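By written order: A, B and C. Residues from 1 in each chain.
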């Protein structure tokens, strides 16, 4: 099942598959992306952004890029009984990045969900200011890889002043039943002026073989719009993810991201927010629980380009087994972004002698009238709290579980969608009681 | 209270020479140089000039050959034009007067340089309680209190002398903490270093006075490569101070020093630096490129190494005084104030590598940026697998004076032991308008208010310095602040 | 001659006018109290007199000791003898009280062409004045206001006043948040410092401080103007009857 190939062989193998695919982006754009991917190559530990995130799994699984024609939608049956298929939400189910249906109409007025591959030229022109415009291919080999190989993109548009009552859920099903696959899903969300919505992304892997979801999502949050964005991954040891999410916010907008990761062999999340206006509120938060040989990595950036904005980042990690956690959060305050308030916190608990956490909270500040701070901690569970609970007659194991639960729940409680929140609270409790 | 009044910071502020860099004079003394450029012959020339034993020459050549394969590091947040390593002199020294036995024989011109710097070297005037090794253009020119230290068994001498008098110690320890393969500048230093200080404190000895090296760059177009090695045997203690100045010149000069500290069981080394190399002028012209590798190893159990630095000079500062906490229960500390103004760039911090059990480290970094400067803290706290119950606390604060400068924090925390506790905090802010107004209302001008607040902000670090250095450091901070309040 | 004369003073913050033409004259040797409801402009008056930048004076004059106060920088006002006891004293980490006061005193002395105080004289003076406000000498080596209780901060304001010997001191709600013992200490300090050559302006919300510092005049400030002035008995009347009747009277 696993034959090791060298990194350069792996890269070449992907490049060789380029011509056999019908890409989504314009040919010239795809070629440029391929060239960027080729010139950067697969990152190694010498690349600052991959210093702690080894990609050796890429050489192990003999991954192939999946083609649209190869997609087997039958896997949707396997997902039918999954609890996350049964929370209240309007769902878009993608198998290896593709939707079975071309008719993706939303039941809610003011919301359009469509496949970019179905767009005519006029429709394409309408999104030309958005699609691919917030991301850079240079020095981002996986965005370049996605751009070169993406074969479809889900486009969600929320019209001006629309308040979307039912959350929209994008379900990513990775399905690798005959060989290891890489899929390259693409998502574009446009929340127009004054709109409000909740978007849930969840990732689920099926099949006997390894899968790598190499996704790129672009979120545009217009003036005065408000977006809740939840990303849930509670997945198997064959699941690998490299995700890049770029969020561009305009004046007076609110964006709140909650990332809950409870399982998955390799999970690299990049979340970049650009605060491209004034009076913006931008909150990133997340909790991860890793065990076995899992690796969870979050790279975040809050890019303050204008004055009078506030950003908060709050990430927590609980690490068991031989697992590895990586946090790299950066607050960038550009020259004109006076009166910025930016806060960042990363707290980790190591529960095993073989678990490791690498954390790098960065501040890069070019404006003086700012209040910026960050804090990062790592340690065992607080003995004083445990003793307090034990002294009240609670067993030690139970006391530890209670405190761990409290750490995770602190983040999960930020999820406003009640069915999802309750489901996750229960999952966390089960996981920590194991 | 009386302590506070006597050590009155404000008197210092008032005494400030309201001048710019006051150590910027150049002294015309007779010097000899190696030919310009760097090759194996230059390395051999330096070794020959120093009459070094063969192990030293071999060591230098190994470093030189390794250096050829290395590249300048690029990860630091500083910009400077490509350095032409062939366009500099790698050896400059005052012309040797043979058979120099005591200070009375030192060239009076050299003594006068140090007198001008406030470091009198001759017997009548020398500073009480501080033994000084004076290093001019990387060559030690005089060491005071040698005899008194000898009585206690302490060796404090130029490293070029130690190579002859104690070759077994030099061979054993040189490069043991910072190997020649460590980084580009350490490799370069290993190949061409000309002098520096050597300190050896025998078992159980508490060094009776502060040891100090005063570095002075004088020659132009000359790279500066000193090497300092301090060994504290079991149960010993030493406090070592380092100061540095350079003439004002339009050209940039490279300074690539290496400092190695070894603390054995129960030993303690306290290493303090007030770095005041010429920072360049208001337009950013000239100044020292200060690329320095400083590292100490807490080799034995219960040992302690404490770094304190006040960095106000240099056009570029690149240094990360670090501690390898190998012995169980060993302690590493790093206290730093880095002030940048005009076009200065500083990328400085520390590394605390926890290897032994129950090791502790503490990092307090205070960055102050003004003018068009860039000031970065970069630090690593690494808790290895076996470093059970280890603890680290880091506090990294940045103060911005003006909206044209930058303040950055890049901490790396790598934790591989579950019983370790690591806490890192950082803040960035400007001086509160309310505090300035409060001080104004008490009759204090804005410029003095800023100096007062900055000194208060840096207090926790300044308090770590021996008194004389604390006084010097406060003056320097105030001078460096000049022109930063608009 | 009047020590301070405020004529038709109009001031705003961020375009919002707070003082609408205030008139007040205080002679040396007098204690004046200004009372008034929240938002009447009491603290604005204190800030304008001290020269806080956010406040813009659009009309009127303030003459202090014969010179135009509004033309001076905040530090020069302080050096000339205007002192503000802040309602919310700031904390200054790392700067000791002693160092701070030594700096301030010598700046003021320099302004007045006096020689700086040497360390011994300063120390002596500090010990002596500390007694006046019943503060421990350990307090003097602590950072300015850092970790001080509300009462300690206010005592520190009065202590600074004792050290700097202003001609004209404004106490901005110094009584707020003080227990009765601390208030007595503050009042006692003021009474001891009072001479025929200086003057005090006590800004307060309640009459109780005025039981201990007896004012010569009491003024009612409402909507940015002084609408009634009287003797110390006016304070009791305000305490008993509130401010509405004065406002009604002023309109009538």
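The rule is short, and it goes like this: contacts are C-beta pairs under 8 Å (C-beta built on N, C-alpha and C of every residue); 3 or more make two chains touch, one makes a residue touch a chain.
Treat the numbers as computed from the prediction; the structure is a model and nothing was measured.
> Per-chain C-alpha centres versus the global one: which chain is nearest?
Centroid comparison flags B as closest.
> What chain lies farthest away from chain A once each centre is taken as the mean of the Cα atoms?
C
> Taking the mean of the CA coordinates per chain, how far is chain A from chain B in Å?
44
> With chain centres taken as the means of their Cα atoms, state the distance from chain A to chain C in Å.
Spacing between the chain centres: roughly 57 Å.
> Please report how many Å separate the Cα centroid of chain B from that of chain C, as a whole number.
Here chain B and chain C have centroids separated by 49 Å.
> What residues on chain B touch chain C, complex-wise?
Touch list, chain B to chain C: 1-6, 8-11, 13-14, 432-435, 437-446, 448, 452-453, 455-460.
> Would you mind writing out the residues of chain B in touch with chain A in their complex?
75, 383, 385, 398, 400-403, 405-430
> Name, in rising order, each residue of chain A that touches chain B in their complex.
Of all residues in chain A, those touching chain B are 48, 52, 335, 338, 348, 350-353, 355-380.
> Sort out for me which residues of chain C touch chain B in the complex.
Within the complex, chain C touches chain B at residues 50-53, 73-75, 77-79, 83-84, 86, 89-90, 92-96, 98-108, 111, 116, 119, 122-123, 126, 137-138, 140-141, 143, 160, 164.
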